[in-house]
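The structure under discussion is supplied below as structure tokens; questions concerning it will follow.
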């Protein structure tokens, strides 16, 4: 895995969307870090004299009705957003991968039960969980994090389940079993590394989703509570003044949009850099591009073959060349 | 949004749709498939009902507190609690509720004593057209544009469409709603800013006008998701071997796409739609709150606030059931569209 | 089993058999054909009995879907037969906990068809080759052994840190073979080990397998749909069709005087080069 | 016909008040008026539902009691044409109007009144307002036109309380009051689209002056934004807009009128005196002195400073704002004296139905005097259970919206916690006072007691602000959240 | 070779993909009814040559040179012009029959699609023609089979469907790109026989691509050996296979012979097991 992380980073940076995504996400991180050491004002300090202060040198982004500095709020909001997004994503990763493993590994009865449970949970409104958690534990950042994390984790579990299943069905897992590997080793050494690219892509998208969901929860009053500044809450507090003071809403709105865009683009970059399909069929060598075996894909039976992958031979690259470009732009998003 | 717009494109393919890896076991004649899926649906609904019930019992405070307010005495609260049945044991409450649900009776609201079924059906008259309309709108926009974006993926127009859909995914739905209200309702006075006619669908024009902006709001985000999906499904198909075969027979690029591509590309999109349905319903909650629409979502938020648990249970079960049933329908549609899953023999 | 030729040659039946499979049956459940009828069944392997003497080479040929891979999985204890037993040196081989089969795995190793698929793309060559050593708790210096087997398959030990995708198909199959050799097995099972390879590479790999078998006195079980491949390496041959062995015997006998009509058809269908 | 009867007098600050204007005789009797409201009732069964929301729509419009009150709190006869109070103040004799009828046509009989009131005071009553009438021991009707209430003891607040939801007269044996409120007032209940609106129509058989519009729709718009948009786009004729900035945007707009009035919405910062640092009066005083109420009113843009739970309209009002005046230095000193010089950490629980800015403001102010506040926004039911019932809190902010609720605070087990016996005595004296003057004296002293004991801090008294389309007149402007008198609303012919 | 009667004349064909000339100056010609084998190792440019002739190179490919079909230049023609020729005057069979067919369309329609497109057949006429064509390629129970979906057929049957569709309009030129690589030997033998028969009947010129020398020997009289995008050797099949001139061809041939079991030559194994 370690060897491919560098390649992944290079790959992300190499793709246009990946680079833009990395820059935008980087900006958020910088804002969050800066807010730890410096903000122009205490973001939650009320100053009646500065109520609705205009954009200017005193308040770069202006001030809200209570006279709180919007720039400071946006800056600290980046931190809140990152904490919520990262923590929720971490929970999602644990829940998702855990569920995916449970739903695929034996015993089969448990696996099928979990698989179905995931399907039911997928139909279950996350919002309800958020509201219940907020009601039970008092709307705190953590209730939003847990709700988003669990909700997204279920979705991730669904997606990852397929991936895990693909890996478990791969020949190299069979080979590992023939080599004497137990379930634990197969999960650690084969499954996790091989689902990682997909999971990373998903997680980067979940990052963006968490930001949006936090905003929506805050809008409904179940999100990050005061006094912690959060973009979602800023939006919901400021939205009555949309027509009166549109500029004040611009900042948190822009922050949300750019952040989500950044995370999503990062996901696209990750996908381009580590497309699961590309990854599985890497460049063939000069002395024998792998052919999809005659026998393997054409059973004489009437097996309804699931859409078989494109035959390799037709697009096998020359020795040592980069991965085939054809599949690249088939899967890649936003490529020219 | 509060759903899964990040579902990867390949999730639409049947092998990812919760079927056993060996196709034979998931196949069989339609009747078998339908029966098996129906059985699964019933189990799922039962599990969902248990989940809803259990989750809601975690809530602090109950409807008796709300009914009693601040001026009632403690023993009055106890009396009220008894009157609405909130002091019965949990299994008894569950059985009472689920027993009613099985006969189509979702119980009565603890607060108002009104029939939950009646209210649900009334709210559905707002939410169902909203979600349905948004879906149609999103499809109407996303399908042609997605195909266009795929067909022109190397040209500026295709890239622009992709970028636009990226942007659509990044903007909070309620924000879009607020913008639309400001422009179309407040500034231009073209459409109502919110609410629904007091007499419901008695005046269809008024009702439709009330739903236009909310549906558009919901559709914008959905269209962004779908566009990406349609685009990659189409791209995928465009490079499928059978398209090359079709072109080797003399079909032009457009003909090949129309005759062979679209149906194949539709498969993952249909599955996607099913999975997106949950997202749409959740989006509806937010949008209904933005537009003060008396729909299911708006009611859900209010009911949780009031601890009207019987109503919340009913609503959530209905929503979950809707998602599951749509998933069921999509699965069947998928099997109808795809002869490989029909198990003809 | 009616067409199975009585074993005249002592090669496979002599002394104590190393590998012995008796009455193997494996079927897969299929979808129901009617809502209330019983589910259908596909008999992938039905009543297969096989023996392999120490140091012998057995080839199994058959068309696609004839049950070759299923048979291999059963022989390797990677799948449980519905009926029948597999014994190795007299001890039963039963699929189950990996720990319980360690003794067996140290002696029997496998090479699969597609080296691109049977090597984990995210595992370095070194780790892949060392995997059986680690899993089976083989004593000794694993690093050294990895170098040794890589050299044995004509690869530079320096390749250890690289990933499978950096290699050609033939090289990858060498890596897979090196992995199989690492724990010093006595039997090597190959499930179509060369079908995924180009003609020129195919010959190299076959040569390599032949050499290794000879040098290490390896028993070979070679599954293929290509008669030529089997004919080159195996002294025993078994022809499989529809889950059963329709013909079995010494390679030379079967190839020169096929008894079963299917074996005859198979032989006739093979395209031939004009003689030089 | 001028709709004004004094009650609609506008607050002087407003440019003009809808209530005092008139359509000059060009009223449209077939008009529909849509009123934007905020808090939708959970049920229309007024005998079973707590809070002010059902009363806002139904009291005086659909239901009537024996007596009614105007916006200033002045009590006058309603279903009773007259009433007599015995000299000992323990017997109230009401004479019923003889032409009163329920909206389904049945005449109002004394038995209806008796059954209504008896249900409220019954020992197993589930009427959440039962305590309003707790002093009544018996209800009787010696003849079909007379109802006699016998009291356990003198109750100076009884008449006022009879004007509230506890005193409404419903038909004997009536059921399904949630779906079919059937009263005697000038409007009939028409329909309720839950989550959206409630529609009333004119009761043409009303015995008194008929309502001047055919239909009234209460449209519930919780988000300030939605309410504002509805007013701006004419979806509602009269809307409640409390946000200052939004109201100001209408100023100078010839199409709209801003009506400002008083309320009994007392935003109260409660101290849990049963536990922790707030048991110490010095800490409570410090907190009161640490919050600049004028600043809060300034940033909110509206509100009145009060020094006790008594709004200026109540007869026993006294300006107590000088007690614990804003003085952060003194506040810090007091905290230091109480041993919290190194800082103090307190939880503040607020139901999430109130504007966030209030909590933010208080937290920000308290931080300046060294009190760190952990804000907890909860749903109202969770507040009821956690704070109100279980007393699990340090600080809490709630809007005590009920009118004349001074005596509530001495109820045993009230969530404020421990208080002086003096206060109970004063409350009792006020309730059983023989004359209004005695009552006022006692209650005035009680309010001062509360404030001096710092049992709570009164952040502000809310202001009622409505924006109405020009052409709609006669809507009430004061106390609009507890009752909303529709009888004088009229709409000019367009 | 370049006679006026040539059906196909490829001159100095170059295909540039990703900065590499993957086809690097290939020239050959095919007379009517002639069969030419194109062999070479994997990646030598066989498929791209065929696709270049067909005008269906992957996007991004730059192609130069000349491809003349019955004297008509194909390179540089518009998609619309080429569409009129594809399926009518030249057709192609691909390697992987399992993915070459549209999984959602009944095979009958896929067989008769060229007829409807180029010959304007009505729906009914096309349906009848599909059954005839299915019969011609030896599909069992053609009436029922044309109503099946591709997944219901075996690999060999699918390839027969592809052949039927390709030959529907009796094209002057058929390009077959490893049409049997994905099939079992027994099935391969049948398909090769079928292909040979049909091409002969229709008088179609055949460009047969394979990497299997034995197969090419069975099908063609003349062959061209491709390596790294260049033709390294051409000639009569028998001559080339018997006495290859090019060292690369020789190596290829040697490798192929290794797995030829010209009896009784299974000697190596026997030798090994002897003690």
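Lettered A, B, C, D and E in written order, each chain numbered from 1.
Rule of thumb we're sticking to: a residue touches a chain if its C-beta (ideal position, glycine included) is under 8 Å from a C-beta of that chain, and two chains touch if they have at least 3 such contacts.
These are the chains along with the protein names UniProt gives them: C = ABC transporter/Oligopeptide/dipeptide transporter, C-terminal region.
Source: prediction; values computed, not measured.
Chains touching both subunit A and subunit E: B, C. Across the two interfaces under comparison, A-D and A-C, the one joined by more C-beta contacts turns out to be A-C.
Mean C-alpha positions place subunit C and subunit E at a centre distance of 33 Å.
Centre-to-centre, using mean CA coordinates, subunit D is 89 Å away from subunit E.
Remark: subunit B and subunit D have CA centroids separated by 41 Å (rounded to whole angstrom). In this assembly, the C-alpha centroid of subunit A lies 22 Å from the C-alpha centroid of subunit B.
Multi-chain contact residues of subunit A (touching two or more other chains): 135, 239, 242-243, 284, 286-289, 291-292, 294-295, 298-305, 307, 310-311, 319, 326. Among all residues of subunit B, those that touch two or more other chains are 24, 27, 59-61, 154, 178, 186, 240-241, 289-290, 304, 340, 343, 345. Contact with two or more other chains is made by residues 223, 225, 379, 381-382 of subunit D. Remark: subunit E residues 54, 56, 59, 79-80, 83-88, 91-92, 94, 96, 99-105, 113-114, 117-118, 148-149, 151-152, 162, 165-166 touch subunit B in the complex. By the touch criterion stated above, subunit E contacts subunit C in their complex at residues 41-42, 155, 184-189, 192, 211-215, 217-218, 238, 241-242, 251-264, 266, 268-270, 272-273. Residues 40, 42-45, 48-51, 124-126, 128-132, 176, 178-179, 191, 193-197, 199, 217, 219-223, 225-226, 229-230, 232-233, 235, 353, 379-386, 388-389, 402, 408, 413 of subunit D are the ones touching subunit B in the complex. Of all the residues in subunit C, the ones that touch subunit E in their complex are 11, 55-57, 63-64, 198-200, 202-204, 206-207, 210, 213-214, 225-229, 231-235, 251-252, 255-256, 265-266, 268-276. Taken together, the subunit A residues at the contact with subunit C in this complex read 1, 3-4, 170-172, 174-183, 185, 189-190, 193-194, 196, 279-296, 298-301, 319.
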